[in-house]
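Going in written order, the chains are labelled A, B and C, and every chain counts its residues from 1.
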Amino acid sequence: MAADPRFHPAAGPFQLSDLAKAAGAEMVGEGALPFRDVAPLELAGPDEVAFLDGRKHLDALRASRAGAVVLRSEFAGSLPAGCAGLISPAPHLAFARIAGLFHPPPPPVPGIHPTASVAADAILGEGCEIGAYAVIGPGAILGARCVLGPHVVIGPGCVFGDDCRIHAHASAVCCIAGDRVTLHHGARVGQEGYGFAPTPDGRFLTIPQLGRVRLEDEVEVGANSCVDRGAMGDTVLGAGTRLDNLVQIGHNVTTGRGCVIVAQVGISGSTKLGDYVTIAGQAGLTGHLTIGSRARVGAQAGVQGDIAAGQDVTGSPAMPVKDALRAALYLRRVGARKAHPAGMEEQKGPPAGRPEQTD
Amino acid sequence: MAADPRFHPAAGPFQLSDLAKAAGAEMVGEGALPFRDVAPLELAGPDEVAFLDGRKHLDALRASRAGAVVLRSEFAGSLPAGCAGLISPAPHLAFARIAGLFHPPPPPVPGIHPTASVAADAILGEGCEIGAYAVIGPGAILGARCVLGPHVVIGPGCVFGDDCRIHAHASAVCCIAGDRVTLHHGARVGQEGYGFAPTPDGRFLTIPQLGRVRLEDEVEVGANSCVDRGAMGDTVLGAGTRLDNLVQIGHNVTTGRGCVIVAQVGISGSTKLGDYVTIAGQAGLTGHLTIGSRARVGAQAGVQGDIAAGQDVTGSPAMPVKDALRAALYLRRVGARKAHPAGMEEQKGPPAGRPEQTD
Amino acid sequence: MAADPRFHPAAGPFQLSDLAKAAGAEMVGEGALPFRDVAPLELAGPDEVAFLDGRKHLDALRASRAGAVVLRSEFAGSLPAGCAGLISPAPHLAFARIAGLFHPPPPPVPGIHPTASVAADAILGEGCEIGAYAVIGPGAILGARCVLGPHVVIGPGCVFGDDCRIHAHASAVCCIAGDRVTLHHGARVGQEGYGFAPTPDGRFLTIPQLGRVRLEDEVEVGANSCVDRGAMGDTVLGAGTRLDNLVQIGHNVTTGRGCVIVAQVGISGSTKLGDYVTIAGQAGLTGHLTIGSRARVGAQAGVQGDIAAGQDVTGSPAMPVKDALRAALYLRRVGARKAHPAGMEEQKGPPAGRPEQTD
């Protein structure tokens, strides 16, 4: 079951040796057929390549009709007869490289759509593709081979490096970006952050937000995610950092390299992340915190204090993961009446409480 | 107090018998006046129709000046003199049908706005209305009577059935949709999901996302909600499933029919919902779970394991609702010093803790 | 370190007396230099103005090279030699006024972009600036000096007062707004809310949403935030209320004046807020609640019941803040094995549990 060619036409075909070379993998067995695409293990046919994502899929491997499978050496013995192996210590990465051989990112189609509105003094690098109704403001600068989808807005003075991809409906203002930066559909970068002071007559006065957003090389901002510019100084996403969808990054947040920020996370202003911090879905971090490199924050966690490098926390308020699991287990036991704490003498029937309302 | 005719012009007027027929309701009393619109019980006048949403509004019913009220038979005795009754066992549904009589969805105004950009080989069904600056890509196919608002983007090869409504600023790529599908303002469907593998030199390599999104008949995607395409294979929303606003659906999530997914919910990749699952606001589900049909997940729940059909869970981590209420009651009692667990010998004053910060 | 002039050109320069007058602050010392911009305390030079944000920054004050600092009188003694003071009891507000002197909101550039699509019967006040590809529908009315960014959609019949700013990609339908209202990038106002009734054949019938959104003077709606119109009657945001980004406001929510609703908050339908309610990030409120004036709701709180005026709550389910801190402390102690509740006899190793998954 190859990818739908309406959306994902495949390059190739390729020989097994081409795949092994792209993946940096060692071949086991022969692949006589040219290979035409990647496919999941359960569905792949003799001209398709799959991968084994861990031992729990071994049964699927043994039953697979794939022509070749990317896998760790320890599982090579489970390859079906006639199925070639591509041995790698990092099968997911190797498979990504092979998939990228069949489905490379489409190159830009250089040109400016006749409906795009590009300021006279904007500078576009060679080979840019500018989509329908895109708006590029005065003094903006795009590097080479940037691809802007329909309706993209690049504000005055913004700078993007080479090979950036800015998908339909995304907007960037007050933004300086490096190379190979990606803004997904509807991403919002550089808008005014949430800053105001109460006045004596009961109103709010906006505090001018005079900073910018800096996106280092290979940063990605997910669909409909928001990155506010700094109040003074910059909001910075370090090289390789990737935001999933519907994420909120407050003014003057900074991250190091390679941070992984999953969907619907919110990080309040001026919080600073080190390198390779992972924040799981829907977690929230208050402001002015310091999160050390390689810390990991669990899904839905509520972080209210600094986290040391390498520490794993979860829960709301957040605490070390082992502690949080212990506390959660205790609550589960209380709920299931397997623990009978003082002050909860046997309740008759379920406690009065407001059942969860969906609106 | 009728609906504002600038935004919601009313069809009609209609006789009580017309309303009864549309609603499948039984008439009690007469409605001499022609009826001009629906209105809330507290505000309706003699030419307006209201409905009774349960016994807690009986006082409002008795005081109402409405010309007719939709209600269950058990409350008919509380109708004021001169107020007709429209008896239905499902008053909300009956009222929806009556409101729909006064305010039917506006029919398409067939035609392509001169500013729209429609690919030469795109196929549009008869009677489509294509709004200003909409972009329809090569090979896309729309059924009959589809309405696209301003700035909509339909990517190459996408397919939509008949009578779809795609509101302003929504985007769909790599998407196959049935009939009567609705994408609300700013909805994002089919974009690349969150998939990448770490490389040895500390960067991330995107794993090509080679699937699609399938939206079955009558699916609705709320404003600014995001539905990522599959990594391999499809992300599927089953017939009638409705997403509220700001929802995140990860790659390869699938749902059965009629799932109700309230605002700001996040469902991680490859999780599978059965039919008629309800997920209340801001809940989060981790990946690769199986949620049985008619399960109900409470607001803000954190679901980390499978849920059996028909089960109700809430809390984070999620547990059966009765257990969660019991655990929450216990915590409330600890907080209020009505329970004095060991290890919490009388604290002087409030415990040290970080008061909640708003940034 | 002044603001980047590509994005934030500075007006002026100004004398110290100009700044003191704008800020309503008392001068201490002289500022001989004309001042050119604001800057952070740590970076400001002799021709820049900074402010002291509380005693924890006193070291930074003493080391600062700023030409003038806005601060409370009690800290004036810590001003470095040669650094002028601008004394104010509300330094943040005073600084906002000074920053606004250097960086006033850019005035509209009156005119309608040639690519904008403005209905023939739409009424635009004098001095409006209408951006590229903006769409203004039939019967819409804008007051004087409104600024609409690229791709804005104003639906038929909408009304905006004077001096509104509607940023790129925002949409408003069924909306009546006052003066000085701001919609940030991608904001969604007035779309159909989440209302439907189940039918006997297992489908959902939409309940026509026949209300509107009313935004009173000086309301702000953050980037990608969503405000649904009323089902019947209006959703209302009271004067001065500000929504941060990615907020969800359900149908028929109403707020009083000056409510502060931080990022990713969700408020379910028909809940009513008084004046000056503060709701911290990612909190959720169920429907049909009443939240009294000046109540404060903590980050990630789950509010399921009414809150009295002036009360502070947090946690999920929400409870008074002091109680929530006490309950959280207890759980932290259970987790850290400093409390040993009955029913949790010494567990060997960490409890079985599902480590947090990032998808």
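Basically, a residue touches a chain if its C-beta (ideal position, glycine included) is under 8 Å from a C-beta of that chain, and two chains touch if they have at least 3 such contacts.
Protein names from UniProt, one per chain: A, B, C = UDP-3-O-acylglucosamine N-acyltransferase.
Nothing here was measured: the structure is a model prediction, and the numbers come from that model.
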Interface residue overlap between copies subunit A and subunit B, same or different (over half shared): different
Rotation angle superposing subunit B onto its copy subunit C by C-alpha atoms, nearest 5 degrees: 120
Chain centre separation in whole Å, for subunit B relative to subunit A (CA means): 26
In subunit C, residues with contacts to at least two other chains: 115, 133, 151, 169, 186, 194, 224, 246, 250, 262, 264, 268, 281-282, 286, 299-300, 304, 316-317, 328, 331, 334, 341-342, 353, 356-357, 359
Residue ranges of subunit B in contact with subunit A within the complex: 115, 117, 133, 135, 139, 151, 153, 155-157, 169, 171, 173-174, 186, 188, 191-192, 194, 196-200, 202-208, 210-212, 224, 226, 228, 232-233, 246, 248, 250, 260, 262, 264, 266, 268, 278, 280-282, 284, 286, 296, 298-302, 304, 314-317, 319-331, 333-334, 338-342, 353-354, 356-357, 359
Parts of subunit C lying in touch with subunit A, wherever the complex brings them together: 1, 3-4, 6-8, 38-40, 43, 90, 92-93, 95-97, 99-100, 102-103, 113, 115, 131-133, 149-151, 167-169, 184-186, 194, 218, 222-224, 239-240, 242, 244-246, 250, 257-258, 262-264, 268-269, 276, 281-282, 286-288, 299-300, 304-305, 316-317, 328, 331-332, 334-337, 341-344, 347, 350-351, 353, 355-359
